[in-house]
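Both of the next two complexes hold chain A, though its partner changes from chain B to chain C.
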Partner chain A sequence: MASITSSYPHTVAPPSRRNFTPFWFLLPALLVTAAVVLVPVLQTFWLSLHDYLLYAPDDTRFIGLGNFRAILGDEVFWISLGHSFIWIVGVVGLQFLLGLGTALLLNQSFWWRSLARSLVIIPWALPSVIIGLMWTWMYDFNVGVINDALLRFGVIETPIAWLANPSTALYAIMFALIWQGFPFFAVTILAGLQTVPQELYEAAEIDGATPRQQLFSITLPSIADVIATALLLRTIWVANSLDVILVMTGGGPGYDTHTLPLYAFIRAYTGMEFGYGAALALILTFLLMAVVWAYVRRASRDLSR
Partner chain B sequence: MIERRSYTRRLIEVEIPILLIVVFAIAPYVWMILTSIKPQAELAVFPVQYLPKNATLDHYRDLIARTSFAGSLFNSLVIATGAVVLGLGVAVPAAYAFSRFRFRARTGLMTGFLVINMFPIVLLIIPLFLMMRNLGLIDTYLGVIIGHSTFSIPFAIWMLTSYFNAIPKDLDEAAMIDGATRMETIRLVVLPLILPGLITAGIYIFITSWNEYLFAMMLSGQAVRTVTVALQLFIGEFTVQWGLLTAGGTLIALPVTLLFLVVQKRLVGGLTAGAVKS
Partner chain C sequence: MERRDFLKLVGAAAVGAPLASTLAAPAIAQAPTTVRWWYHFDNPQNSPADLVAKFEKENPGIKIQAEAIPWGGGNDYQTRLFAALVAGNAPDSAMVRLSWAARLHSMKALEPLDPFLAKWNARTDIDDNIWKIVGGGSQQKYYLPLQYVVIYLYYRQDLLQQAGLKAPETFQDFQAVAKALTKGDVAGFGMRGGAGGFDNWGPFVLGGGASFDKGGMVTEKALAANRFYVDLATKDKIVPASAPTDSFRQIVDAFKAGRTGMMIHHVGSAAEIQAALGDKVSAKRVPVGPDGKGWTYFGDESNAIFAASKAKEATFRWISFLSTAENNTALTKLTGQLPVSSKANADWVPQRFVDASRASVSIAGPLPDSPKTPDFIGRIWPTNMQRALTGQISPDDMMKAIEQHFHG
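The block that comes next holds the complex of A and B.
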């Protein structure tokens, strides 16, 4: 094997030679993607400029930026936007901190480390409907295990209706999502930690650095790149995610657990106002554009190699 | 560094905290399984009874006998398998092209496929519903499978490109110099080497399609209802019958958990798409 593996793995073909072979290989993917992604996205633009009701498609009329103007004056939009902000900062922030802590611990050596790693990752594999189901059951007002445990330990004196109470509903769902997503940070950061050269720590020990100094001067700077990419990617996912909320509260009580993608979905699905829903979806996309751009730039940095 | 630390210190500083995290991570899952094997009488008591006194599989029997859950399991199996076939079928040639050729649009196209995965689902789901309705594909296997390809194709292309890149290009070149055509080279040299990567990508597509809820809910009706949609409908229908609901949840979660444990080590690199270079 070694005899035919040269040290130049990617020899670049002369650019002058026009070669259509790659496009034949790409054709199926390009066709399918154009049909299921490109066309729908263009249609979303079209829909957003129209007053389109699913039950009365023949009455569709062009209203220009009318939907967007209506959204700016829509109180629920601003409520949802505010919740989305709390949602993203709270969920991504705590997932990251918990994931970082888990990764630092899993990077130590102990005999059941690989078992612990496999078990910690499990929440991440579960479907959102199951996550919603598990947590709705645990948050149950009458016979839920969370109220039970908190009462036993004396943290609360009367049971709390976690998902029906306006002041706790959003945070209760956020907690379920933090639980589901922290393993992503844990495994990504752990993989980054394992690339940090051991010699750096040995040198620091000799120079008398405390574990705390080692964390802030060696570990965190070495994995800053991994952390940044994981944070961007996760922000995009969490910002877009609506299914756990949909399963757990459907956006209620009132508008107390509405986030932007959920509101867009509800207007389109329940209200059948596809034009308005499309405009909301586009606003979400534009708001996320900066994060997506930052992530894509990082991820495609090595493409031309 | 680690050797010098005493055993008790390691126990307090590492093993106990990580044990707590592991308990936190799996407790809801364990709780779901425990609930599913407790008889109804033990579920309605407060303070909560933690361990089942008379463990039973009645909820599972009820679920299969009284509801259409078994049919939904089959639907999910068909749709997830279809998503794997369609996803790999178009992603393998595309990833091969991105890995083996250098052409002008390459970086732009690969970036495009990455951006697609970042789109909010609500952005796609509204027009896709209209499109499927016009094509008469609502409530068909094909409709849901196509819906799932919106995320499986871009992901599979990125993951497989990195697997193809790991196979030295000189291997194909040597085969072609020896007189093999490009197709023979792919079939006899490249594909056998990339097989583990293909399996990982296939399993990942299967898991995401099996777990998916929003597309399945919008694009399926009674005929091809998937397990996630069926379970969500049960939550509305049988609110107080948590034994039945958690039995359904367990039946959905167990297969994907097992599949996930098989591929998890290989997945991490692909998921962050180059975030972690090892």
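The block that comes next holds the complex of A and C.
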């Protein structure tokens, strides 16, 4: 191939204005992206290098990496980082397992399958603030339905303060978010399952494969790409999500439900310490870069196929 | 059409269209002065439209653009206001709180109101005590009082009568009454440890001897007062287990449902509580120390004019209209708070709750006029209170954290 190309150098089109045509078409989208993504990112980076209080803009000082040094010595940052890790692994992992199970069930034939597929999407369709408020009242110590049901069935003898107890608060919120997010996995995986050729299962059955062997040798390998993409996307969303926590506990009791984005939000919007908040947000961004990089690699590989 | 011609045409259209529309627009003769005003009402379904219509009828040259801003526990409203000020897009006037005054001053965002107040006849209709609190002792006035609330004690008088008890006067009475009321699934006191709960803590700790002056949170008296308050939850166990994160909605609903015997809030919840409990509930001033000294929170709401406003005269006419007599009545009916004008009335609130509010004014005060106060309310107090209530830090460490926040 190389020899052919070198033999006919004149066949390679010389650079001309026509080659820029696609870029002109892309330009509006690039400009909009730069305005709504790149500029705020650069502004956040610039803010993170300053001691910037929203209510004292005239006293803003450039402090270089001062905010980052302060963060490394901030106890609440490390607590929030630890919670973020538990939050991401727990929420994404359990959403995936629940979503996979639901997708496998919905892929079976039963007479109300269409209705079931519609119903399962409801938690995903609800706004996060509604989810937060709904679960806050379900968990309520005095009038919550969860305590009421557990008391009636004799599971507990006294109500539990789910959101005020440091040992249960984070997990109670995680449960709410797992409930909200599993339909995403269910629907995505279900779409993947429907692309697996039926012949593979028929051949496997003839060969005497058990349902378990079919799951691990046919189903999961066939939808591995779908699962990987869904996991990466969901990890990014869950890592950034703070609305449900904000509504349900505001980060309390104490720091027990603080995650990194929530802590950045509280420092920026309660303390109006925009420099410190920007630095916290950037650290989260850098930590997520690995996941974003994996996602972009996967997406570009799919495009090049 | 060639591409070059097409681009020329698009370029010419882009430049020419706005110009053409400007030339084509009819001249507007004597446009009315527009006043942008930001407000928030607890019930977002209430609207000041009638007041705006009345004002515009009385002042034909002024148009009011009233913009409802989400409150979000105070944080949303405050952040939007400061962001708008920094961006140069602030309204002419907004409803503001005293605890933001220092931050607004540091931005030089406020317009002194003294020249306007000097010409305003209804100024003397507002009680001197309110002027003193809202003025913050400064020579110039920047806030025009609009409405207020004072934190007081709600109690179930039917339960107290059954137990042969009187409504508590002192901290020790309060503790004894709360212990007597705590039975089964009923807790004596619906403590608010979540957002906004500083107004439950203040009467016991600031009323018990703590202060925001340097060193005022770590005196022996202040530390003892805080230990007493935290012990109500951790040792006496006379509050619901959910107290560390309970906020407004939780304490009100638990009280209405008969799960708590006493709670601390203001007249803003009176109508709702009266509707649920009727005459079973009453109210009085928060308990005070054995020496008779006490403290309760004065919840202020004022209007301020921003220095960048280009319609200050018209803006003052609007905000003074809202603080005057029957207009003040109409506004507070929408907000559920108390009017500042002595010529206004609050007949929509049962009288005993108005009486409890007025009886509390003598010991009422605001939080310190410091740029650190909003962060104390939103972050420092709740996190440290909750950590103390859940045993993660001692009550004394909580007070040290507050002292550290204000004085380093």
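Heads up, the rule we're going with is that the second predicted complex is superposed on the first by the 270 of 305 C-alpha atoms of A that agree within 3 Å, B and C clash if a C-alpha of one lies under 4 Å from a C-alpha of the other, contacts with A are read in each partner's own complex, and residues count from 1 in each chain.
As a working rule, contacts are C-beta pairs under 8 Å (C-beta built on N, C-alpha and C of every residue); 3 or more make two chains touch, one makes a residue touch a chain.
As the structure is a prediction and not an experimental result, all values here were calculated from the model.
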| item | value |
| --- | --- |
| Superposed partners chain B and chain C on chain A - clash or fit | clash |
| Which of chain B and chain C A:73 touches, first, second, both or neither | neither |
| Comparison of chain B and chain C by chain A residues contacted | B |
| Which of chain B and chain C A:269 touches, first, second, both or neither | both |
| Chain B versus chain C as contact partner of A:154, first or second or both or neither | neither |
| Which of chain B and chain C A:253 touches, first, second, both or neither | second |
| Contacts of A:188 with chain B and chain C, given as first, second, both or neither | first |
| First (chain B), second (chain C), both or neither touched by A:142 | both |
| Touched partner set for A:202, first chain B, second chain C, both or neither | first |
| Which of chain B and chain C A:127 touches, first, second, both or neither | first |
| Touched partner set for A:282, first chain B, second chain C, both or neither | first |
| Stretch of chain C, among 3-11, 21-29, 39-47 or 201-209, that runs into chain B once the two complexes are superposed | 39-47 |
| Chain A residues contacted in one complex by chain B, in the other by chain C | 140, 142-143, 269 |
| In the complex, chain A residues that touch chain B | 4-6, 9-13, 15, 19, 21-23, 25-26, 28-30, 32-33, 36-37, 39-41, 43-44, 47, 98, 101-102, 105-106, 108-110, 116, 118-138, 140, 142-145, 148, 151-152, 179, 183-184, 187-188, 191-192, 194-195, 201-202, 205, 225-226, 229-230, 233, 236, 239-240, 242-243, 246-247, 261, 264-265, 268-269, 274, 277-278, 280-282, 284-285, 288, 292, 295-296, 298-304 |
| Of all residues in chain B, those that touch chain A in their complex | 1-2, 10, 14-15, 17-19, 21-22, 24-26, 28-29, 31-32, 35, 43-48, 50, 86, 89-91, 93-94, 96-98, 100-103, 106-107, 109-111, 113-116, 118-128, 130-131, 146-147, 149-150, 153-154, 157, 168-171, 174, 182, 207, 210-214, 218, 228, 231-232, 235, 242, 245-246, 249, 252-253, 256-257, 260-261, 264, 268-269, 271-278 |
| Residue numbers on chain C that touch chain A, as the complex places them | 75, 79, 82-83, 86, 103-104, 106-107, 185, 193-195, 240-246, 250, 253-254, 257, 259, 371, 374-375, 378-379, 382-384, 386-387, 389-390, 392 |
| Residues on chain A engaged by chain C in the complex (per definition of touch) | 53-58, 140-143, 159-161, 163-166, 169, 249-256, 266, 269-272 |
